[in-house]
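To start, the structure under review is shown below, and the notes come after it.
To keep things simple, chains are lettered A, B, C, D, E, F, G and H as they appear, and every chain counts its residues starting from 1.
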Amino acid sequence: MDKKHLRTLLCHVENGDLKVDEALERLRHLAYEDLGFAKVDHHRCLRQGFPEVIFCPGKTTEQIVQIAQRMADTTANVLATRTTPEVFAALSEVFPDAEYHELAKAVVVNRDQTDCGRGKVLVVAAGTADLPVAEEAALTVEVMGSRVERLYDVGVAGIHRLFDNHDKLMSANVLVVVAGMEGALASVVGGLVDKPIIAVPTSVGYGANFGGLSALLTMLNSCATGVSVVNIDNGFGGGYSAALINRVQLEE
Amino acid sequence: MDKKHLRTLLCHVENGDLKVDEALERLRHLAYEDLGFAKVDHHRCLRQGFPEVIFCPGKTTEQIVQIAQRMADTTANVLATRTTPEVFAALSEVFPDAEYHELAKAVVVNRDQTDCGRGKVLVVAAGTADLPVAEEAALTVEVMGSRVERLYDVGVAGIHRLFDNHDKLMSANVLVVVAGMEGALASVVGGLVDKPIIAVPTSVGYGANFGGLSALLTMLNSCATGVSVVNIDNGFGGGYSAALINRVQLEE
Amino acid sequence: MDKKHLRTLLCHVENGDLKVDEALERLRHLAYEDLGFAKVDHHRCLRQGFPEVIFCPGKTTEQIVQIAQRMADTTANVLATRTTPEVFAALSEVFPDAEYHELAKAVVVNRDQTDCGRGKVLVVAAGTADLPVAEEAALTVEVMGSRVERLYDVGVAGIHRLFDNHDKLMSANVLVVVAGMEGALASVVGGLVDKPIIAVPTSVGYGANFGGLSALLTMLNSCATGVSVVNIDNGFGGGYSAALINRVQLEE
Amino acid sequence: MDKKHLRTLLCHVENGDLKVDEALERLRHLAYEDLGFAKVDHHRCLRQGFPEVIFCPGKTTEQIVQIAQRMADTTANVLATRTTPEVFAALSEVFPDAEYHELAKAVVVNRDQTDCGRGKVLVVAAGTADLPVAEEAALTVEVMGSRVERLYDVGVAGIHRLFDNHDKLMSANVLVVVAGMEGALASVVGGLVDKPIIAVPTSVGYGANFGGLSALLTMLNSCATGVSVVNIDNGFGGGYSAALINRVQLEE
Amino acid sequence: MDKKHLRTLLCHVENGDLKVDEALERLRHLAYEDLGFAKVDHHRCLRQGFPEVIFCPGKTTEQIVQIAQRMADTTANVLATRTTPEVFAALSEVFPDAEYHELAKAVVVNRDQTDCGRGKVLVVAAGTADLPVAEEAALTVEVMGSRVERLYDVGVAGIHRLFDNHDKLMSANVLVVVAGMEGALASVVGGLVDKPIIAVPTSVGYGANFGGLSALLTMLNSCATGVSVVNIDNGFGGGYSAALINRVQLEE
Amino acid sequence: MDKKHLRTLLCHVENGDLKVDEALERLRHLAYEDLGFAKVDHHRCLRQGFPEVIFCPGKTTEQIVQIAQRMADTTANVLATRTTPEVFAALSEVFPDAEYHELAKAVVVNRDQTDCGRGKVLVVAAGTADLPVAEEAALTVEVMGSRVERLYDVGVAGIHRLFDNHDKLMSANVLVVVAGMEGALASVVGGLVDKPIIAVPTSVGYGANFGGLSALLTMLNSCATGVSVVNIDNGFGGGYSAALINRVQLEE
Amino acid sequence: MDKKHLRTLLCHVENGDLKVDEALERLRHLAYEDLGFAKVDHHRCLRQGFPEVIFCPGKTTEQIVQIAQRMADTTANVLATRTTPEVFAALSEVFPDAEYHELAKAVVVNRDQTDCGRGKVLVVAAGTADLPVAEEAALTVEVMGSRVERLYDVGVAGIHRLFDNHDKLMSANVLVVVAGMEGALASVVGGLVDKPIIAVPTSVGYGANFGGLSALLTMLNSCATGVSVVNIDNGFGGGYSAALINRVQLEE
Amino acid sequence: MDKKHLRTLLCHVENGDLKVDEALERLRHLAYEDLGFAKVDHHRCLRQGFPEVIFCPGKTTEQIVQIAQRMADTTANVLATRTTPEVFAALSEVFPDAEYHELAKAVVVNRDQTDCGRGKVLVVAAGTADLPVAEEAALTVEVMGSRVERLYDVGVAGIHRLFDNHDKLMSANVLVVVAGMEGALASVVGGLVDKPIIAVPTSVGYGANFGGLSALLTMLNSCATGVSVVNIDNGFGGGYSAALINRVQLEE
């Protein structure tokens, strides 16, 4: 409820068009809902097609379905991450057009496929074992309404594979770089392009990898500029930030 | 050197317009300079006014001045970070219009002040002790040609100070959130806005802060979406990423 | 055995009312039991209804039942934490009125439900996955004789949900704040209320969460005052401290 | 602004007693100031004599004096922690009755010495080197209006020194236990008393102490109940929590 | 082979009593076996009854049996640690008098029960969950020929239980203190006795215990003197060191 | 494509022997393939018999087989590490002469057994539990065409076993030292030989071993010269580096 | 106060030889002083010549002198560790026969030089930089009344230097092994001797040494038996434990 | 003393050519000096010109000079690392031809400049701040008798600078890669060349660099093969290993 609406409401009270009790009731939610910056509302009114996301770990199938049912009326696109075939089966009853992406372990409902992005988001992944995280990022980008391109298996151990795809690299508006082990790929890509890069370290590796710590530190200490980092294995977070950056342009 | 230029060159050889040795010389740099994605060149031709940045720690004053002299012809804006009054004095001889920002410990030459950004970058800082990092971020944004606004001293311990500025928060195109201690500010801001946030943890704190580790982990684990993170105390990196995101729109 | 009792005993010896050997026997336990600060005794005499608590991990069902049998005569309320349905079945034979709380994985015997607290303890939890820890805290508070209120699913990513409940927050005498991931909730609540807060970090999260380390460090570095912290996932400890604080008033 | 005030305001608008624009102006601050739970206000109205605290590290003397000047009218008691004789000299001009406590490195203005506590707060310290932190805690308790008692140099290496003071231990309403090295004192005290304990680990030690990590982990893992923990060397935080717990009783 | 033997050998060569080739053969092992400090030999000749120990993890049952067979002739006592009933069954065929200690997960052959110690080794354990490690220590002491006494369940949370046993504490010649969680027991015992203490941290605990790190650091930083530490859960190492200290006296 | 080839190509264009489009096509791959330092090509032409290696974790059996099929034509030797009997069964269909090494969990195809090394690589292992890693190293050396010798079970606890094999130690050209627990073997061997040592820490151990961190730090801090280190449990990496060092001599 | 004394006291009360108030007064200290296990008393009566030790860091010169003055009457030997020439100057006024050991940074008063040990304590040090810690250990042993021998500069990088001294190694009753960097010396010595070893890691080293963590972990994970460990750089603790072990024999 | 010498000696005794006492004296050193693998001797006889190295930290100038004097007769080349101009001045008196390398903080005596290497060692460094470590490595290589080439300031942020030097990269026999911050350079170089790489992480960086930990973990987890790692900032160790690898070929 912005200033204009507030003035109107007060005028109605002044005019007697609105009872004090009714006005009171409307103002009761003022503490948060009407302040204009509660995220959910804001999203709902400004950005049709914005997805609801369910992070599944630690929730029962029943809880997930309940959340899904609540959102079934108001949302076009849905993304459930780190889920299982069982959850997919249950979600399918609420969203018959849901799809299960096995590699990303994600359930996707992608009804509204309007392109809300200005450019293309490129998801770059170092190795085969990084694909589940990379795919979670790519699906997130898609569900949020941006075009996504994939460039996989281009780790720095065979750096020519990366350079062979420099057109792809240069044509992206935002990049998500997914890498485990030592995570050097983010620095190398960061040295080649001049677009924002969201780096996603993965827990792929062993020993002194310490569950992804190695790649995480590499990316945080990147000597290349324009690289910012999300949590280990957080493909969703990487894709979300990238899509947010990519759609910035459309919102004015 | 893209395909078109390469074809032209070869045609000139075919026609005899170009000697083999000359062609050879031109191709000699092909390995990197002409591939079209070497960053420096790319920047130089596509983006007039893009700053050169000198990270001073570990460099002697002499080295810094040499680097500055090399760039004096080709660059409009210069940023030297983590520097000293002594370095400033030396840089002033190369760049007489250089300014020293004491809080940020930065030397700035900001000749080209064209607004290259689409919106505004908001730098949010939690406490007084975080200001050096926040100012480094803000200066970086400015030198890179984006408008910057500052919102300081709004830590979550007095959360009403943050809410009093929700207009500022909502009007930014990109946000840089700078916080030390527990770094919770990034999550709270992330829960309020739907724009990309670059979180910069600072080493402000003591004890179990472990030199900024606490704020860093907080930001990486943020339950709010759209938050990505740079290194501890890396105000420059936060400002750079934010400015890059903000100018994305202008580059097509 | 305080000074008064000791004098009496000595007088009895002086008077010949008490044989030296008998006095000796009584003094034999002096080293600990009669010093007046041995915890078990103290509790037994001063605070009827104080529960005995069995922390089950690392104990066999048989050991747990033996401990329970020993306390069956002298205790009204019992709390067994981190337990299993099997243990519950076995405990039911000793305490037929025991109840199993599945979410908290706790067995509770709550015969004496006298309200020993001055005010209300509010257990606040950030997310659905934090509920097992939060419920362990809430049950502990109840079994220790304080009224408890619950405020769940109010993580800072949707901070309006928290503000909508400010009445609840303001009406509590002590608060237990349970949060995983980045654990920012403790700082935000700490910035809103001026009552003691026991913060309980949980291991909910992944990657750079490092098994709850992230939330733990956040809470220890909280910029809000009045926040003290217990071990990761230690719902029992959080509830115990809170109940202890809340019943302080009644003990003089 | 609670419901009653809001209704009155609306009635005034209905009656024409209040212009829409005036009402609008009053509601403008609604977002935070009038919600009734902004901490500063709340404190100011409910608790006269509550101190303002200035954490000095990272602030210039000039900044500290400015903050002090702002609070000079409205506050009775002031505590400036981790400060220096220079800062004290400067603060003395604003608060001529300020005192400098060298051991605690604190400046204290303690005009309002009303006893707001119900019982006594006991600050227990293990060794001589822990005294600066212990004194910071004790001063904090005093400035916040609770009686404080000190029990120093009672580390577990000579545990009889602790037991010799069991009267002191048993007579406290809340305890602050300050210890470095291995920090075992908190567990031992926790096993003796049944009052809330705030444990403050210190960085006293060397080697595998890792800057206080050892004592911190000890206290977090305490097998004794009723122990909660604040940051390493955070005497202020320990004292604040303890005073808050101790004054809980007076506030209803 | 010490100097005296060497001289004799050379004299035999000089006298012709020993052929060069025979002498050569005898000297062939000189590089290590005859140097006099190779451990195995030394043990064999100096200390009848010294046990051989098999650390089972990472070895197949077959490998364990082979090792056992090799030692069957020359050793009286055997200890196999961290083993299983399956391994016990297999070892029983080589050592029909082997016994399986379920709590300690150890197989013991204790044929030679001569008391080689001067005093008594006391194994002190904090909680029920620490017993497997404590029992491993106690069995090791026994097999190595020292008398052992056990004092279990005397954690510092109920410190009177410890003090009730001060006779036991004072009568030991060496102590092994086994504790998990915060491991404070080692410091408290160290403050009471003036005998050597081997502290054994256990991995019992959760959260900020970090797999025993908490107890380990506590013990390393102990403010009590005379405490030295072995690896987490290393009951064998603790018992071995204690028995070694206890038998020192007999070896001259 | 080196300078000579490039000149020739340009001459052909000048002479009309080569069409511009053909030349263009040839130059198209210049970005990487023809630069002469793309690893795969280089290997193929310079070193017949160099193995392809498949690191199996994180790859499905299907993916592994596909990779194997692609390489079946061009490679003589194959090594698949950290694999399973199932994968072996599948690989056997592509490489009927594949062998499964159970201890090393590796599948090996070793058709080309030319000795490409100048000397011998010695793999030294401390304990029985280190053998899987040591065998992975030894197999890697063999498949890469160097002779390998094994020296196992020579941990420093019985240092005479090591000295008894000093001939083996002295005769090696390169050494791989594999050790878990405290990893001291690398330093001791490094103090004896003057040949390059690749140290491989293993995760064998428990408690304060922290998954191999202990051995890793030991090896990195070795006071002996000539020791460099690879990742924990990285037998393949240790063997690869050693074989690379050993075959250096043959390549000129 | 043991049972016999207690019976006597009670008899005196029974007989009227002792007034109740007097008896009461005597029993008043019972809580600790008379329990018979308070360390200070015990030492004073049982072991003449036992030193008092002052750990100087965190204490002012004034405090140190005060402590020294208190002990001047009752103690023969004094050890002040980690001290300075200034402190030495001040201590000399209380103890004119004090000596300053520059390398160990220790002040020693060694009046009572009775040999209370059964054998010899050998302090073994790896490198020159470890000597300050080694000397602190050696001085501690001496002041506590045991003979000490030194074996320095025998790091494992030149392992023959160690073997050349095997007589020294074999003749010690207890060993203190001091080593920084990777700390392998403790394991090697542990593999050679069968006497108790106290390992003292030092902070000598750099980089991945992490302030002594590397040597600490090495020693805790030692594959050699009979090795227990004290804190990093804790030469005093190592010497104290060794002397305690060495004098065990004399105390019965 | 190998078998042949031993037989001869025994024969001389048999023949009466050698007295028993003389033979005894010769055998007396057998324990180490004559075993044939004591490093110092071995070096002296096999490799004239091998340098002695003095690691200066923790040694007094006096100690350093003494060590230098002892080696002045027998050594041609000397390297003193991490030293100062003061030490240089003192060393100059022993070695008048010593030179001080300011950047590397090393004193070098390089009399014997015979090329003992088969190929060239290339030292690659990422940034200007890495040069001290890189120069220490390069000097070490030179003093050990291998040719060295330098390739500096080729960090991955501007990867074309690296590719422009591929000839240098390809022509090296061994490479030392020195990098701080995220240390990605080692992986990239490892992906380009097929020669052994010694990676040296540096402590250059800040924040989440954690004193070089970031670069260290990156290099240990490198996805490129043939990379092994030495300690943080250990330029000497990197150079030593590289020179050792490079001279391997000459020693047979």
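A few notes on this one:
One rule holds for everything that comes next: a contact is a pair of C-beta atoms (placed from the backbone, for glycine too) under 8 Å apart; a residue touches a chain by one contact, two chains touch by 3 or more.
Here the structure is a predicted model, which means the values were calculated and not measured.
Set against the C-alpha centre of subunit D, every other chain centre is closer than that of F.
By the residue-number overlap criterion, the interface of subunit G with subunit H counts as different, with under half of its numbers used by both chains. For subunit A, the chain with the farthest CA centroid is G. Between the chain pairs E-F and B-F, more C-beta pairs are in contact across E-F. Taking the mean of the C-alpha atoms as each chain's centre, subunit A and subunit B sit 24 Å apart.
Each chain gets a centre from the mean of its Cα atoms; for subunit A and subunit C, those two points are 40 Å apart. Between subunit B and subunit G, the centres computed from C-alpha atoms are 56 Å apart. Residue positions of subunit F with contacts to 2 or more other chains are 31, 35, 39, 127, 157-158, 163, 166, 191-192, 207-210, 213, 216, 220-221, 225, 231-232.
Interfaces, counted as pairs of touching chains, are A-B, A-C, A-D, A-F, A-H, B-C, B-D, B-F, B-H, C-D, C-E, C-G, D-E, D-G, E-F, E-G, E-H, F-G, F-H, G-H. The touching residues of subunit E, when paired with subunit H in their complex, are 3, 6-7, 10-11, 13-14, 16, 20, 23-24, 27-28, 30-31, 35. Of all the residues in subunit C, the ones that touch subunit B in their complex are 126-127, 155-159, 181-184, 187-188, 190-192, 205, 207-210, 213-215, 217-225.
The touching residues of subunit A, when paired with subunit C in their complex, are 31-33, 35, 38-40, 57-59, 63, 201, 203, 211-213, 216, 231-234. If you check the complex, the residues on subunit D that touch subunit G are 127-129, 157-161, 163-164, 166, 204, 206-210. Contact residues of subunit D toward subunit C in the complex are 35-37, 39, 42-43, 47, 53, 118-119, 163, 166, 169-170, 173-174, 191-196, 198, 216, 220-221, 225-232, 237-238, 240-241, 244-245, 248-249, 252.
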